[in-house]
Amino acid sequence: MIKSKIIMDFDRYRRCGIEEAVMCEFKSIGQINEILLQAGQQQRRLLLTRLRAEKFNALMPELQPQLQFYQECDCALLGALELPTTAATIAIVSGGSSDANVCHEARLTLNYHGINCDLFQDVGVAALWRLQQILPELQNYDLLIAVAGMEAALPTVLAGLTDAPIIAIPTSVGYGVAAGGNVALLSCLASCAGGVMTMNIDNGYGAACAAIKIYRKINKHST
Amino acid sequence: MIKSKIIMDFDRYRRCGIEEAVMCEFKSIGQINEILLQAGQQQRRLLLTRLRAEKFNALMPELQPQLQFYQECDCALLGALELPTTAATIAIVSGGSSDANVCHEARLTLNYHGINCDLFQDVGVAALWRLQQILPELQNYDLLIAVAGMEAALPTVLAGLTDAPIIAIPTSVGYGVAAGGNVALLSCLASCAGGVMTMNIDNGYGAACAAIKIYRKINKHST
Amino acid sequence: MIKSKIIMDFDRYRRCGIEEAVMCEFKSIGQINEILLQAGQQQRRLLLTRLRAEKFNALMPELQPQLQFYQECDCALLGALELPTTAATIAIVSGGSSDANVCHEARLTLNYHGINCDLFQDVGVAALWRLQQILPELQNYDLLIAVAGMEAALPTVLAGLTDAPIIAIPTSVGYGVAAGGNVALLSCLASCAGGVMTMNIDNGYGAACAAIKIYRKINKHST
Amino acid sequence: MIKSKIIMDFDRYRRCGIEEAVMCEFKSIGQINEILLQAGQQQRRLLLTRLRAEKFNALMPELQPQLQFYQECDCALLGALELPTTAATIAIVSGGSSDANVCHEARLTLNYHGINCDLFQDVGVAALWRLQQILPELQNYDLLIAVAGMEAALPTVLAGLTDAPIIAIPTSVGYGVAAGGNVALLSCLASCAGGVMTMNIDNGYGAACAAIKIYRKINKHST
Amino acid sequence: MIKSKIIMDFDRYRRCGIEEAVMCEFKSIGQINEILLQAGQQQRRLLLTRLRAEKFNALMPELQPQLQFYQECDCALLGALELPTTAATIAIVSGGSSDANVCHEARLTLNYHGINCDLFQDVGVAALWRLQQILPELQNYDLLIAVAGMEAALPTVLAGLTDAPIIAIPTSVGYGVAAGGNVALLSCLASCAGGVMTMNIDNGYGAACAAIKIYRKINKHST
Amino acid sequence: MIKSKIIMDFDRYRRCGIEEAVMCEFKSIGQINEILLQAGQQQRRLLLTRLRAEKFNALMPELQPQLQFYQECDCALLGALELPTTAATIAIVSGGSSDANVCHEARLTLNYHGINCDLFQDVGVAALWRLQQILPELQNYDLLIAVAGMEAALPTVLAGLTDAPIIAIPTSVGYGVAAGGNVALLSCLASCAGGVMTMNIDNGYGAACAAIKIYRKINKHST
Amino acid sequence: MIKSKIIMDFDRYRRCGIEEAVMCEFKSIGQINEILLQAGQQQRRLLLTRLRAEKFNALMPELQPQLQFYQECDCALLGALELPTTAATIAIVSGGSSDANVCHEARLTLNYHGINCDLFQDVGVAALWRLQQILPELQNYDLLIAVAGMEAALPTVLAGLTDAPIIAIPTSVGYGVAAGGNVALLSCLASCAGGVMTMNIDNGYGAACAAIKIYRKINKHST
Amino acid sequence: MIKSKIIMDFDRYRRCGIEEAVMCEFKSIGQINEILLQAGQQQRRLLLTRLRAEKFNALMPELQPQLQFYQECDCALLGALELPTTAATIAIVSGGSSDANVCHEARLTLNYHGINCDLFQDVGVAALWRLQQILPELQNYDLLIAVAGMEAALPTVLAGLTDAPIIAIPTSVGYGVAAGGNVALLSCLASCAGGVMTMNIDNGYGAACAAIKIYRKINKHST
């Protein structure tokens, strides 16, 4: 007998300050439809991650208009997104434009939780002048999310230059030994600069969740 | 020609808010002596990590009395340690007593930077009641450092139960597949709970550095 | 000279209590046709696992009507399935709905051997309340099959809360370090809770075979 | 502040049917002393595993006489061991005499829980006649614990010849590719014979815990 | 300047007793066409391995009729194949029908060099009776090629039962930990039975080359 | 807010003597279009690497005529290529014709920087006579780029026979253990012959960059 | 109850043509003593491998004089060794003098079975002239055992130059990526030259067993 | 019969421009003695690498005075070392003082071949100001050898800032994921900056050999 099918964790926000989200990569179309219907009935917002365009297009036609699809990061939102208007205190900094989808997943997750952020791309350390140019600006943020593939030296260099905590997201950008992002991951974990904390490869969503929890603690008195 | 020998980074505190520290595991006795002499001449404090008792005992006899050795975590301090008196807003939570040395390395590093913390040990998830017993207390902290070996389920369970950011330190406690801490590391990185950030295996010092940067941002207005 | 081609092991039930089954993933259409014809001639039932819908649809048209295809777990049955009517003493418990196909493969294999089971889904430890809600019910089963991907903390948490043996099936659900199920596997093997036994990744069929052998021993006097 | 130090899980037996045990490999002498004192004050029995002779000899002299040390498996017992008198329904079967310590760890753990077992050694598949000689006897047991290193073919061969569930313990016996037991582990997990469940490398204790849980379910009506 | 393009090693037979063969997996259609034209101009026979049907069909139309394509092992032959008429002294023995393509690659390579062999399939050790049934026959061969995937216990069991040298070919048949054939490979290498020699995964061609060299040495006086 | 999007490093030539190049494998069509437009506006030449034909064909139609596409190595050039007329002092030497695309990527990169090179293919060590035939010619070059897959013995053999520095490029040509090029890579790194320097797998572009820097230093007085 | 302790396989010679041997690395002193006593009582010869000098010296004093210890390969023999007087048809060829212990283990095992062999050392391919000097002589042997560490190019080069089957033994000689012999192993397995068969790392004993089986088949009519 | 024992490659200098050197790590004391005697008889100089002090002290007493031992890099020289007097055109640049032994092995090898070099230590990228301070000086060298452990970002940063070719030596300095130097190695190989060539972990000797070959080509007209 099937005793339970899909149980949403809509209580998560109360416990952890993070809204329920659904990772769609390993779910069937039928399962995602069911989740969306359940969320709709309970009038819940929902963030769907790792949802490829083909899968999005295969969802129930009546569900699609209720969703906002973000092609740049394979995400969708059920419910409206109010863009935050406060100044950004979090910066997302990436090594190259190949890392863009991960950056956007993190950005959308932050925005979905009502938190603003700024995005700096293409400042990898192979051309250090690009990083040095924006360094004074970067030093003003409370938190940096560093996104990098290949040998991922960016988080280390950043950590040595600023007093902000660094959440490093290694990306699966790379080939040969770097294929799949493993070198980037190991490089972040082995960083000899203080204050680098590492996420799973391509985990823009998870980095944003950690950033949200830190943001809330920093701003707890003001909100 | 040898153009440069040992160059301390005493400027690090100004840039990053982290004091210079010296990882001793791969340095010769001669190199550590030289570093200590240099720091002494400049009247600097210094934290020495991964310094085994035998190595400590082999340092220059005149240097030893200037150092405080902490056997529980293979660390030593040059200069005095003023224990912080403010209430702890950071908790270190560990799965088992085998993880004690990593907990103490993190604790000492925080204390060395003037930051207080509380330590909860032996609350691994195999006996969940121990964790549930202290959960209400844990929910009051701004930041949790979760230390666990073996399959390291602790950070995941914690992240699902509190709104604090979690810095996970996988430890090298384990045998067979778990030897060296690799399973614990992968388990933390793969955590399906939001807000877990992972450090290198046994990296109590690095976790504390990240905690310091977060702590300073949370408390920037009050200090 | 080809001395032997395909030799079915229809004697297996007598030796081991397990019916012959055919893993189709690496077999050609021609080979599966031949196996089915051979089984048909000998009036044998047969369970086909890891048979994708496209492969099923490419089998000989006259064979297809004799088969029952189970899309939710890529399996097919030659011969009738009598659903067991005794109360379930085995529970399949899964972390998330992404693991559904593995759960169903285990369930079908049990049912095919005349054994009932109950299925509890979406009780992963990131939202521990879902597990705690069904815990009293779970404590009544003789055997638990715990199915989980990512960091797979579920078997460990279950093993610490019940007196039932736990057969853990790590699943290939996950990305980055967790891709392919390796972290889930290692996490189950490294479990610090007593009584967790681990199967190969996604091996719902094998877990069911082990469960059948245990079930028979538990119920040997009553059957 | 240190909020908690060592917390024993003496409630484990009630929840899971398994007594508290202490894995000593990564604990300091001081920690083991403290654990033993705590258990002594509460008049608890305790099983200590992975305790090398040198470490045992370094414990507090007044504690040593209260312990029974088992050199063949690096274990010690606090409290008396009553050897079970019922006929064995569990057999431990090992490939070679190099696996002896793992066999004895499993045997002691079973005995410590009042469960009898028989031990068959040196029946690896390179000399199949040794296994075939004892096969009729092996087919009478309710449960087999198969212990093997190198390529660990024993669990697979056994699983194809009997109707008992098989708990496989891969051992760290081997060199070259087999060093550390990884090949044995993978071989057990990949077994193409039904009913093999795998433990971590050298985990005799854990295999026994799983066997205890199964044993209790099989014998629940008779005890 | 391109100083050399494709240089065939038609001298190989004189040096090593092995005919030139071409592994097509990583060559472009254009390169294979060029090789075939070159061989044709020099009136050479040629064995093409790892040539998928689609690639074969894309070759120059005038070349295709000169080739014999063997779909069961993705091979093609330029030039005629005279089947050997002497009794087989080499046996190819495989664990399951999923390994068929590797068996056929080895068989074709032997036949192409004028050497006969017999093929026994589906005698994996999970059902040992199948192997025991043909054992007396197997003991008459000079050389056994054992082909197996998953945990690949077959070569070990065979090596303990016969006095023939065993060339083991691990196959890529398997999923989870066994995916890609790595467990099968390691299991063969770690074999505790004497006389097992291991080839790369799926390397039926290479195993046949080794068998040819051994065959020639055994039969050097008679030929 | 998006503070920066795509920032080209057109200053690289001045700093390092290497022209900006764009690795297209992980960039979207939109991003490559944007890069080409930006380069066009600034009248810059640009080398695009790892650009599959399908991706090239999907670029903006008005951009395609400005590009020269090189199918043999999945590269494209924006701007004209003046073939160098000086005698080649660099030789690219490859093991087999399967490695051709990597050779051509290196060759094109050298040519793009105005440097000539000669290409010797199909001289792998399995047929050593082919290498020995061209050895006297090879000994005249200033620098050898050795390209090899599988077990990649070529760089080692070359390094023992000439006084030229060797840049080794392992290729992803191979199957089984050699799949993806890992064995070739490790083999180059472990070379027991002096003077072998290793690049990432398939990194023809990077090898050429290193060769360019060495070439410039060798020829600095003459140019 | 302990149903069986140490069971020697003295029947192995009859089945496989290989004498029983004992791998001592993971056996206790007590176990080796027991094995020797058992063999002595049955008046059996015995080869002991992987027996370090310290372990040998710790055996029962009355046993030591009955053994011949071979320090160059950590082996010992119970019973006399009659050196074979027939001309050698097997050659052991090694890359460097660091591989000597593996060569001697293979040589002793062959001699113990009454088979002669010649040993050629220090002919690694980094200095190809050394190999070419002995090539005409090597081409006269029926079988070559190629022993090499690091990148282990020797078996490949040999296989391309002779018509003898090659048994490759990768050795654990190497550091960095080559530590433990893994690169040598992979390199042998990936060899692109026909006729290379690979053993486990450092497995001189196993290579000799395979050679014995091949030798017997080659010489079956003459003996 | 032992046909050859130790064969020195004193011809190497003529072929490759590199003097014979002996890696002592896996050689016995007896073998090293024999090599030194052979070199002495032929009045050859010899560089011994990876020779631990204990091993050096165990060599034949009459040999020791003929050797110069370099404790800082576990090397010894047979024959005199004439320090080069020309200005250095090669710089060795290292991340931290833990890498000192590798730097000195490279330096000694260069000096032994009559080539000067300068050494810059402790300029890792965690404190970028140290690197920037010496950058103008570094830009004057023909060749940089970059030595770094942990995440090894130094070669990448250097390659983006200078026009010199970079030989990267990853070191085994690190713990956790970085233990053994694997992360450093992968990071160098995956470098996104042009012109980084990678050596095996800790291979200071090999890097120097490559540097010697490059140096000779750069200076061929002047010497």
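Order as written gives the chain letters A, B, C, D, E, F, G and H; numbering starts at 1 within each chain.
Operating definition for what follows: a contact is a pair of C-beta atoms (placed from the backbone, for glycine too) under 8 Å apart; a residue touches a chain by one contact, two chains touch by 3 or more.
No experiment lies behind these values; they were computed from the predicted model shown.
K.L.:
Please give the intersection of the contact partners of subunit D with those of subunit F.
P.N.:
Both-contact set = E, G.
K.L.:
How big is the rotation relating subunit D to subunit E when the fit is done on Cα atoms? Please round to the nearest 5 degrees.
P.N.:
The C-alpha superposition of subunit D onto subunit E needs 180 degrees.
K.L.:
Find the chain most remote from subunit F, comparing centres computed as mean CA coordinates.
P.N.:
Farthest chain from subunit F, going by C-alpha centroids: D.
K.L.:
Would you kindly tell me how far, in whole Å, the mean C-alpha position of subunit H lies from that of subunit A?
P.N.:
The separation of the two C-alpha centroids amounts to 43 Å.
K.L.:
Using CA atom averages as chain centres, what separation in Å is found between subunit A and subunit F?
P.N.:
That pair's centroid distance is 35 Å.
K.L.:
How big is the gap, in whole Å, between where the Cα atoms of subunit A centre and where those of subunit E centre?
P.N.:
49
K.L.:
Where in subunit H do residues touch two or more other chains at once?
P.N.:
Correct list: 12, 126-127, 159-161, 174, 176-178, 182, 185, 189-191, 193-194, 200.
K.L.:
Chain pairs that touch, all of them, please.
P.N.:
All touching pairs, sorted by chain label, are A-B, A-C, A-F, A-H, B-C, B-D, B-H, C-D, C-E, D-E, D-G, E-F, E-G, F-G, F-H, G-H.
K.L.:
Give every residue of subunit D touching subunit G within the complex, in rising order.
P.N.:
Within the complex, subunit D contacts subunit G at residues 88, 91, 97-98, 100, 118-123, 126-127, 129-130, 134, 137, 149, 173-179.
K.L.:
Under the touch definition given earlier, write down the residues of subunit C that touch subunit B in their complex.
P.N.:
It is residues 95-96, 124-128, 150-153, 156-157, 159-161, 174, 176-178, 182-184, 186-194 of subunit C that touch subunit B.
K.L.:
In the complex, go through subunit E and note every residue touching subunit F.
P.N.:
1-7, 9, 11-12, 23, 25-28, 31, 35, 50, 172, 180-182, 185, 200-203
K.L.:
Mind pulling up the subunit F residues that touch subunit H in the complex?
P.N.:
12, 15-18, 142-143, 159-167, 185, 189-191, 193-200, 205-206, 209-210, 212-214, 216-218, 221
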